[in-house]
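Here is the structure we will look at.
Labels for the chains are A, B, C and D, by order of writing; each one numbers its residues from 1.
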Amino acid sequence: MAEGMVVRGLRRVRTLLADGGATRSLEGKQLVRIRDLLHECASGIGGEVSARQRAGRLAETYLRLNDEGRASFLRIVATEFGPDPELVAKAHADYQEAIGSDAQWTAESALRNAMRSARLRILTQFNALSHGVKFLVDLRADLLRFVEKDAALRSLDRELESRLGAWFDVGFLELQRITWSSPAALLEKLIEYEAVHQIRSWSDLKNRLDSDRRCYAFFHPRMPMEPLIFVEVALTEHLADNVQTLLDEHAPVFDAHRANTAIFYSISNTQVGLRGVSFGNFLLKRVVDDLKRDYPRLVNFATLSPLPSFRHWAEKNPESWPHAFSAADLERIKRHLTPEMPQLADASDLSKLLADARWMTDARLARALQHGLLRLAARYLLTTSKGGRPYDPVARFHLGNGARIERLNYLADTSARGQQQSYGLMVNYLYDPDTIEANVEAFSRSGEIAAAAAIRRSARD
Amino acid sequence: MAEGMVVRGLRRVRTLLADGGATRSLEGKQLVRIRDLLHECASGIGGEVSARQRAGRLAETYLRLNDEGRASFLRIVATEFGPDPELVAKAHADYQEAIGSDAQWTAESALRNAMRSARLRILTQFNALSHGVKFLVDLRADLLRFVEKDAALRSLDRELESRLGAWFDVGFLELQRITWSSPAALLEKLIEYEAVHQIRSWSDLKNRLDSDRRCYAFFHPRMPMEPLIFVEVALTEHLADNVQTLLDEHAPVFDAHRANTAIFYSISNTQVGLRGVSFGNFLLKRVVDDLKRDYPRLVNFATLSPLPSFRHWAEKNPESWPHAFSAADLERIKRHLTPEMPQLADASDLSKLLADARWMTDARLARALQHGLLRLAARYLLTTSKGGRPYDPVARFHLGNGARIERLNYLADTSARGQQQSYGLMVNYLYDPDTIEANVEAFSRSGEIAAAAAIRRSARD
Amino acid sequence: MAEGMVVRGLRRVRTLLADGGATRSLEGKQLVRIRDLLHECASGIGGEVSARQRAGRLAETYLRLNDEGRASFLRIVATEFGPDPELVAKAHADYQEAIGSDAQWTAESALRNAMRSARLRILTQFNALSHGVKFLVDLRADLLRFVEKDAALRSLDRELESRLGAWFDVGFLELQRITWSSPAALLEKLIEYEAVHQIRSWSDLKNRLDSDRRCYAFFHPRMPMEPLIFVEVALTEHLADNVQTLLDEHAPVFDAHRANTAIFYSISNTQVGLRGVSFGNFLLKRVVDDLKRDYPRLVNFATLSPLPSFRHWAEKNPESWPHAFSAADLERIKRHLTPEMPQLADASDLSKLLADARWMTDARLARALQHGLLRLAARYLLTTSKGGRPYDPVARFHLGNGARIERLNYLADTSARGQQQSYGLMVNYLYDPDTIEANVEAFSRSGEIAAAAAIRRSARD
Amino acid sequence: MAEGMVVRGLRRVRTLLADGGATRSLEGKQLVRIRDLLHECASGIGGEVSARQRAGRLAETYLRLNDEGRASFLRIVATEFGPDPELVAKAHADYQEAIGSDAQWTAESALRNAMRSARLRILTQFNALSHGVKFLVDLRADLLRFVEKDAALRSLDRELESRLGAWFDVGFLELQRITWSSPAALLEKLIEYEAVHQIRSWSDLKNRLDSDRRCYAFFHPRMPMEPLIFVEVALTEHLADNVQTLLDEHAPVFDAHRANTAIFYSISNTQVGLRGVSFGNFLLKRVVDDLKRDYPRLVNFATLSPLPSFRHWAEKNPESWPHAFSAADLERIKRHLTPEMPQLADASDLSKLLADARWMTDARLARALQHGLLRLAARYLLTTSKGGRPYDPVARFHLGNGARIERLNYLADTSARGQQQSYGLMVNYLYDPDTIEANVEAFSRSGEIAAAAAIRRSARD
């Protein structure tokens, strides 16, 4: 897939690749040649203009390599173009000596200079490619895959992450509305990148861009047809509780000017190579501002979000089920089991019952399961954690942005994926302008989670 | 002036300043408050969104300060938000110990992390202002003024320079043609920024954008109406030898499609705050490409450039005159002196004669001076140096880019400024695509200067 | 369908129609009210601004009517707002009397004034709708349907045609390239409007916009998302002879810069209401210019066109078959017939054999039919006529534009439609810049048809 | 001037003209050749594409002619390409006979056909020039000058006016805001075209585009850099009473968001050739809508207008002065006369006193004249007429659009022009949304003039 991402947009290279190029690893002679070219790049011999052009050719070489070749290439960059430890030691000694004196600040600069590696110089020269920024983002995606096996790439990865962080500063990003009048080449990317609720067809997409919907994305000025992150919004008059209803192409179009609620029902990050560079919270902020300007009646801003790790967590923590399902619950459930279903010794057996989706289509069984599942989910959201922060990644994102857990919705995503991730449950996170700041602070200071009273009660039961 | 630059484009602040704000220095209480705000900024308390908003308000405070206040403000940032020397020492020890082992690369990253200061974090949060990038460029201009008197700002200046260097990577710059159909608000900037041959009026400007002229500039996507550097080009059929002729509004328009020569007669850097970030050479390269595409007949690409330090050098080096002016020259010159002119004992007295512009208007006297002055200038260009590179800053730029000194032109700029800088001499630097690369390398390796044979001979005489 | 066309783009009205409005006919009271409104419109009472606004409301009323209602509405406009015959008679008498005198030209103007009807005044006021021009084009489409049954609409239709002709003067049309980066809302229209070779899916469309294809359309500045006419072009290195091959999504992409031939394989007029307003020839001219600029190697400009009426003509003219199929041909064909196929008494029975598409899939039978069918088609193109011009409408268009019939292609469109229209035959019309003018003149003067020698020979046999 | 207008924007022709071409008249041989070309154009021989190209060349010939040559050229078009009187007679007879029968509508169409001349066909083919529409507008300006001396051009002028009327239908015009960020090439046109209060410099212009000002223009899609009509608006908090104050570059900028009043202080038609095609009223309507959207606090929309014919009328109607100036007024005035001023026998001598501007600068004299002059102006506006409509052309325009005469302002335009046109008086016309429609109707039905009570009283006194 990363392959695919690199290729996209690089026309000329695509042609190269079509010749079968991208399967090559780096062999002896070529390795030598590339090492030479890299040293030439780093040295800056010749003018800057021709240096960039040479770097551009080197970048094309990179694109023709297979994973093994690329890993070797990056290893050379990572290990042979770092700072010189002796120069660093010298500069560090001067720095420490200068502490407190007037010379401290110049010495600090000198130490920083000694730490400066040629790696970044090489990589940023790759900008000479017409899609250079995208190239580097995709190269970072490669790095992220390789670094897990090769710690020598660590420093290079961090330097590149830091540079991408500078380039993708939110001050440089452009918020754009995406509509049915946007270029097809761009809309096609949405279909490809949508990570939450798959876009099944062009008519599904068109429905998501109809007059009661909004779609926004952040773009970087040098990656014009590449949304970095995008959010899909539905304008409604109530807190949406079911995503299939929301995405129903045959549902009538709602008059957006009567809407009081904006539902953010899908947020997708698109660039693997930008991991560690965050702009999702700015996106939501800007989108809320834009919506308010166009629809002054809007008062509620909420999500309809998945709980992507709920089932995974529940299956790994069988001891949590009995807290959520009372004996009476269990009795009621048993009454609706059919013979071919797994039989229940105790509550922790429920995960076997829920392993496939049949229960969803049996209304009475589903009703019997409802309270217990909601309670289990409330506990999952409010009490589980990982490294001191909520276990659920989506909860982490929204709570960190100042949202409140507003409501849990039962049978809210009955797709295979919904059943797979969260037994069909979804959650509304509410962004209440009056409490966002306080929530952010409480959450970042002490991990305190904002939640509606009902959720809180349900978790406590 | 830097004041003016900061203000430009910051509407809201302009209004603030109109209230007389920008005269304030930082007094006791305010200093405390600002220090608190800065620490808050650096800590990242609260969400990133509100952090940026707070930083935006802090940036506005900065704009209201006078120079004294700003210097104090920046000193706080520079000295109180640097890295912690003890953490640096610790990380450095780990790093040196890890050299050669697998842990080296992670240790390097950790050292780099320890070196990371909160200064940049504070400054880049200022991007929350709607003209944040321009704000930071102008803040750097302030820094450059202050750093001369206050070495404590050195490290901050270098960090900011490095960040601006990342942001203004040529890969992010847009080449745009500027024409008479460009926004007036943009053209007004050319009038303001033109640093070589002053634009006297809108009709002078219009003439420079006529069909036998071209003007190009680099722009940054987040400073849309601010040219970073621009070049003015005349399309002609010969190497231009006089700038007043070139700028004559009443001269007939030349049919550009018959042109074989492009004369770059003015190149202006506009942003003081981007000192150290270079893109001039890329500009010329891109402009040449664009011109070639539109005018396939063009074969010569040359400048008509000033020698900004020639007279200054000549006056400081009286011993150089006798080398350039022979006794016969001197005799011929004396013959045309009027009584009220300074009388000449020897050649070094010539600088007194040339101190005011009267000689230029006496055709015979001017002719008598011609050979000596040209010889003096040839020596100046070919033999003088400063830190191992040519003494003349314009020569430094063009020779570093691979140009050749092609011709010296006598009485080529008869304006007060021309007389003031270079006794009216100008020079054509020629960009010959066939020799650029070789010139760049010879120049960067051994300081070798490419020059036409005639110039070379003249310097040798 | 015309209904559909009216609705498109008129958002607000769409909502009205969704309420079931468009089924109404004009009943008594409403008829009276509309007549009153029309008279008010015509009178110009009140300022022009409010007059237009009133007319806009009337136009919306029109959109809510069903066909019967619209026909009544237009009949009122046509018959009650014409010129006054008595005033015309008076002005005409004055005019005839003034002939030859100085007063003639003023009298002519006066007569023209008297002829001026209020109909057009009413209709053009409908421009007050935000999609007014599209509204009038669609209203003309209605008129064209109604006028066949109601001659009273004739004069109105002609006046509207003439006004649309003025508005859609080619000088006002914009040639635009359509690419995969065009708005999806526009591309969707291509799918809807393509009249020659149906676009089956978005991926079929994307293939037609790939780098070895071009698509161009004319637009009117006031109908921004409505292509008026569009042409699809394939860049190849030979005269294409099969449309299925051309449209094969899985065929490799050709390097367009190596192309010497541009094949116009589909030209679609999209606006029924612009019948009588021609711009197709200008489109081809402009497209050829644009292609030449981008691909200087292109030397051949040709179509791959259907013969839409060939089979219809052949079935109606059984006597023409024996001229095309010799006895020997017939014998060869008989040899490959299977029992369940119709048996042949003579050549005119062939049309029964060809009635369904089975013969196409029998290679030997198809080969036996080839020469006869090609001869029949050559005779059809060169010798049949209707009102003095070629019988085939596509031939009429291209020959009128100066093209030459270059080649007939066998089994060139094996789709159901190709079999249905022309037994799978297609034709290449060649636009040879050197002969276009002469062809146009010979054709318009004496109906002379330009054709390659081989075609001419084949028709003569 | 018309010369100048034609030339503008026609680059290629400008070059031709620079060769001295535009001084030619049409001589014998050329006249014959042009006549032939015109007949060829009219006949439509050859395809339409090449016909247009030929016409383009003919249009260029026209541009090279001097006035005499152009008049001859147009005379040929006007007199030799009209309808055929015999065919008209025949068609007219058929038409009259068909009245009342089913054939009437076809016969009407046939008559209209017979009336159709080739003149327009020739002229509109001139659209083949890249600035064809502008060419025709300028050609109409020529026609308007010539037709006064040559009635034979009447019919051609009317046909062209009618066609331009169709092309410049308000539905096709684009309202654009003009700002300091508009292209300089466009702003230059404002300077050239401003017809009411001359724009003295680029800084005067910039001041008129500052944040408390607005400027709007109508454009035609095929004349992109040519404003057709433009209006300058000041945002204030009171009814402006002095135009020099309004245009003072040194006045502080007003915070537009506090404005309650929009003053339209200058409206200029720019295209002489569009005389008879009106869109001024639509412009005001659209501008008011746009202003309201951006500044919801605006409640008053008014002009500050000249009385261009006031003085001219007053001087021609000496008998009106005594009605306006009482004996007491006269006495007061006499008291302030200096010896060198004209002495006053009676009120009608006042026009001599006011003939030069000295009185304006004598505060006491000016005060003595105030009431009488205001009364005279009120009578002028409310009681004088020309062809049943107000004598003053600006009053005609605004009253016809539904405005009310709100206030007369004394010493409101003290420029030479203001003194020259109206003894320095200006008038505010108020556009009150609540009464516009009623005003328009009363004015168009019975010529009733809406005016504030004070004005009405003043006129009655």
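Methods note: a contact is a pair of C-beta atoms (placed from the backbone, for glycine too) under 8 Å apart; a residue touches a chain by one contact, two chains touch by 3 or more.
In this text, all values refer to a predicted model and were calculated from it rather than measured experimentally.
S.K.: If you take the chains that touch chain A and keep only those that also touch chain B, what is left?
M.R.: Touching chain A and chain B alike: no chains returned.
S.K.: Quick one: which chain's Cα centre is the longest way from chain B's?
M.R.: The most distant chain relative to chain B turns out to be C.
S.K.: Just give me the whole-number Å value for how far the CA centre of chain B lies from that of chain D.
M.R.: Measuring from centre to centre gives 50 Å for this pair.
S.K.: From the mean C-alpha coordinate of chain A to that of chain D, what's the distance rounded to whole Å?
M.R.: 61
S.K.: How many Å are there between the centre of chain C and the centre of chain D, using C-alpha atoms for each centre?
M.R.: 42
S.K.: Would you give the residues of chain A that are in contact with at least 2 other chains, written as numbers and ranges?
M.R.: none
S.K.: On the basis of the stated criterion, which chains touch which? Give every pair.
M.R.: Per the contact definition above, the touching pairs are A-B, A-C, B-D, C-D.
S.K.: Quick check: in the complex, which residue numbers of chain D touch chain C?
M.R.: Answer in residue numbers: 45-50, 52, 78-79, 82-83, 85, 88-89, 92, 95-96, 99, 102-106, 108-109, 111-112, 115, 124, 127-128, 132-133, 151-156, 158-159, 163, 166-167, 169-172, 221-222, 278, 281-282, 285, 400-402, 436-437, 440-441, 444-445.
S.K.: Spell out the part of chain B that touches chain D in their complex, as residue ranges.
M.R.: Contacts found on chain B: 11, 179-188, 202, 206, 211, 225, 255.
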